[in-house]
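After this come two complexes, each holding chain A, first together with chain B and then together with chain C.
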Partner chain A sequence: MSDQEYIPKSKFGKWFNDRLPLLTLASHLTDYPTPKNLNYWWTFGGILTFCLITQIVTGLVLAMHYIAHADMAFDSVEHIMRDVNYGWLIRYIHANGASMFFLAVYIHIFRSLFYGSYKSPREVIWIIGIIIYLLMMAAAFLGYVLPWGQMSFWGATVITNLFSAIPLVGEGIVTWLWGGYSVDNPTLTRFFTLHYLIPFLILGLVVLHIWALHVPGNNNPVGIDIKKPSKDTVPFHPYIVIKDGFALLMFMIVFAFFVFYTPNILGHADNYIEANPLVTPAHIVPEWYLLPFYAILRSVPDKLLGVVAMLSAILILAALPWLDTSKIRSAVFRPLYRQFYWILVADVLILGYVGAMPAEGLYLLVARVATAYYFLHFLVVLPILGYREKTLPVPLSITEPVLGGSPNLALAKNKEKLEVK
Partner chain B sequence: MTDKKTKRRDFLFTATYAVGAVGAAAVVWPMIDQMNPDASVKALASTEVDISSMNPGKTITVLWRGKPVFIRRRTQEEIAEAKAVNLNDLKHPEKDEDRAKNPEWLVMLGVCTHLGCVPLDQKGDYNGWFCPCHGSHYDISGRIRKGPAPTNMEIPEYKFVNNNTIKIG
Partner chain C sequence: MKSYLRILLIFILFFGFSVKSNSAEKIEYLKTDWSFKGLFGKFDRGALQRGYQVYTEVCSSCHSMKYLSYRNLAEKGGPEFSLAQAKAIAASFEVTDGPNDDGEMFTRPGKLSDKFVMPYDNVKAAQAANGGAYPPDMSVLVKARGGGVDYIYSLLQGYENPPEGMSLDDGVYYNKYMYGNKIKMANQLSDGLVAYGDGTTASVEQMSKDVTTFLMWAAEPHLESRHQMGFKAIVYLIILTILVYFSMKRIWSRIETKV
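And now, the complex of A and B:
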């Protein structure tokens, strides 16, 4: 991956690096040539790494005080909030951290959609990203069950019951997941175990995600392939490190606002009532980051088809590199795609809104239209657009539009050769 | 190498893979089955309920296997209403007689067949139960009439031990 062999300066460094080339890796990461036109939408990869580490560290601490037992879990969470030194702070960081994690991941995903980062040769990065996203949803759901409040219990009941939609074996799978005939203590202990495991799986996939990224290098707002290293790139350190660091600070301000000023605004009051298997809360709503998919689930009147639609809505993203037939990556040069992109953003926001509302009347109608459009966007609009759209001329390099440059291909190529020298 | 020798080796490979696969399955199954309901959970499989103090029109909810069971002593009007329903109007056609052995007593799992919430008593468009989660309406026999639930609420195994006691499970 590294373009030239790295040789450590010190004798010990050389001795060590010959046995385990960690210094070569570090040098690759610092020198890694990055497109010089990356905007702030590209800083969310770093922000997401921060979110993951925050969740792992605060989660480890919470696990030292939490008791995964149906009779004690609720009280142990209250114990964390009231008795444990700074327990309230650590729990609020962890709970709001989940929301911040999803906020960042949605921006990260929509950045990919706008600039076509999922297209060849970056399909594998994209698919690993979708797997990470699925694992994040699993971890968030499992974690939400652990405080054993009313929303925890009934959320767990509703989500595990999704599997009962599977013909023939569905009921057996649900009983197996529960370890009983309802959500109960065996369910809680296994959810805790899996909630603890998943972040480390995500961590491993993040390493693969970044590794796969470093093979072709970053996409960029212009969406063209660039020479690396060249006049179009800057080394990752210090340029991108500083930019990512600044964006992270801005993000942490938002994060801190939620933790210190409105720590419960993203949660549900019902979850401060201990789980009761005899009473379902009047209005069951998932956390905000799952609402669009919840709206899709409810918009289909058939149980099995509703579950299928919800899962397809996520899995269809994995097929995106092949559904989008356009050779041009960046929406900057795709006037029609740009409009459809913003319609999709609006569509997902509408789905999120109706997902939080009762599934009846006008809300249900809107949910159905928005669900239909969601699938239409991926299955019809994107494949056709690639053939029909008249794209704008794409510059030959990142530098070209800035410096004027010649539109003549041969001249421009000549110029680049000179630049590299 | 002759053909005969190659075949002999192929046989050994196949046999090794087969034994390996059986061995792997033998290890994987206990890892999967440990998650199924254990002996202590199964042991709590039946509950006896005293119904001596129940008047007509009253519903009680008892816990059986961690799930709510509704026991309703139905009024004569309710029984008549449940019996009068045309089976063609039902999404999951079941006669009321098949659901309530003794028409005065309806014993059923208080679990919505959609996604497992507990429906609310005496609510909804059909005077029966209404599930607040995703809007399923059930009639006074616990049959699904409107909404996403695919089937009627389940009737557990139960019997009248004597006039005052029902044994569920």
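And now, the complex of A and C:
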């Protein structure tokens, strides 16, 4: 980090900072030069940090009252809802918080896809982000099992059974995961342990994610490299802090609406029925945020290949910086990519919709087409587009498009040509 | 500001989707005005007390309510019986306690701290007494059914003669709103079945509404304080958001860029 050397004013501050440069870090964070043209799609990083902290804090309180035992888990959740002071509030924040977390992370990921934030030199930020996303899904799945309702139990059964698709050792792995021959108490206690662990792994990765971000600095809507600090940047504090704060408050209003007025709308009614190994629910569906991947899983007739397809759908994102061959980052200057981007967004929404529907007839057909297109987008469209697409001229600096009528337009065009070559 | 509007649109779409996907499987249920819906929704005290009466006199002979205690009947936001009334209600039930110093179980009148007395000793006993079907516990029943209160309300009034050509086994009844239309619970409500103390006419419709309101409270005992707190929280957040918005405008006015 090429900040100017920071020297604390007080004597003690200097003494301490020589031994542990926390003050230098604080100064780096406040002064951190941020592109001044960041739009509101960029505020979701801060919102996600808020979501993580909220989940950890509410989760700690819930863990004080929850009992991880197959006979008592459901009762203890009802105890939280009824008898623990504001237990209903804490639990509804935690349950809806997971949904809000995923809503924010999907916006965050799709922002990155639109503005090419995953491209050089930000590949490591992107890959850490994908690992965080994977861990989030694991944490969400494990957490959904804990109330020990019908969906918890059968969701756990379906998902753990996926491992049985592995040849030779599959069955053994499933028994090992369950700690027995079916989902039961040993499964619940280990799921609770892991559910408690994963958020702290995520927290550590978030630190790395932000650290990796602070090396090259933020991407921006124009997607060009900028000089830092310069007239294209503003210090993080107070400009970005207040803007992120404003966006976070808007987000919290939506969040509060869910918590206070429709706290159960995103969950499944069956999860208020205590787990019963003898009764299978009519439809086993995961939470809404996992539906697109559930649709991909079910669209492949073969179990093993279905699991492979589902995992690849996520892991393919990690290879994205190399699959996208275009040198231009922002979709603003990529007229063709922009269209394919929105088709992908629609594709994922369609996958989410059919994931919630029974896997039969037209739904299955749509799921198969959408799954094929999903992979087509990453494996065929993106690599070819980078070579074929005629991109628009990219400005030389952020101030240029902001102020308009730049004298550098001709220069910018030249530069763009050079870049294309 | 433009992109902020777009984000808002996404939120609305997301919300719309979630509402729509939840209503996808819904059949047309009977509608009634629920006092507890809406931003300021509160329970109708009278309906809760009458609903408790219907539950005790009709439902409780088969359906347990294991998460409720008699003290809940006197708590704020519930039926709000007076403490004396709640004590009297509790005392009217025989509770098995023990073992005592001789190692014997004994029965005593119920106390406020006791859970609602269960109609059967265990699930097997309940099944044996009901032709193999377990009458579900009613504590969270409203939240455990896709249609929620509308479903329960409709189901109670949905008994009809089976359509021609449909043969029903012994102990199976036809209900318009039941999943698969076959239900093992016979029609329980008939006009004038209970004698309401407050003079309300005990029609089937009225009893269905009252007992469903009671079940809603049983599933969400803190619904009223949730609505009250929610309104305050959201008003607070909106005011804070407006203030922060103007601070942001002020701070960003130092530079040329619009925010």
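Here are some notes:
Basically, the second predicted complex is superposed on the first by the 402 of 421 C-alpha atoms of A that agree within 3 Å, B and C clash if a C-alpha of one lies under 4 Å from a C-alpha of the other, contacts with A are read in each partner's own complex, and residues count from 1 in each chain.
Methods note: a contact is a pair of C-beta atoms (placed from the backbone, for glycine too) under 8 Å apart; a residue touches a chain by one contact, two chains touch by 3 or more.
Note that this is a predicted model, so its numbers are computed, not measured.
For the composite obtained by superposing both complexes on chain A, the positions of chain B and chain C are free of clash and fit together. When both complexes are overlaid on chain A, the residue A:His108 reaches neither chain B nor chain C.
When the two complexes are overlaid on their common chain A, residue A:Ile265 makes contact with chain C while staying clear of chain B.
Using the contact criterion defined above for the overlaid structures, shared-chain residue A:Asp184 touches chain B, although it does not reach chain C. In the superposition on chain A, A:Arg334 makes contact with neither chain B nor chain C.
In the superposed three-chain model, the partner touching more residues of chain A is C, compared with the other of chain B and chain C. Legend: residue contacts after superposition of the two complexes on their common chain; A:His377 is shown touching neither chain B nor chain C. Residue contacts after overlaying the shared chain place A:Arg122 against neither chain B nor chain C.
Vertex at chain A: the C-alpha centres of chain B and chain C lie 70° apart in angle, rounded to steps of 10. Across the superposed structures, the minimum distance from chain B to chain C, using CA atoms, reads 12 Å. Comparing the two complexes, residues 282 of chain A contact chain B in one case and chain C in the other. In the complex of the two chains, the chain B residues touching chain A come out as 32, 35-38, 41, 61, 63, 65-68, 114-120, 131-135, 148-150. Taken in their complex, chain A has these residues touching chain B: 154, 157-158, 160-162, 164, 175-184, 186, 190, 277-284, 298, 301-303, 306, 358-360. Within the complex formed with chain A, the chain C residues making contact are 3-4, 7-8, 10-11, 14-15, 17-19, 21-22, 24, 39, 67, 72, 136, 139-140, 143-146, 148, 179, 219-222, 226-227, 229-231, 233-234, 237-238, 240-241, 244-245, 247-248, 251-252, 255-257, 259.
Considering their complex, residues 36-37, 39-41, 75, 78, 81-82, 88-89, 92, 103, 107, 234, 238-239, 242-243, 245-247, 249-250, 252-254, 256-257, 259-261, 263-266, 269-270, 272-273, 282, 288, 353, 356, 402-403 of chain A touch chain C.
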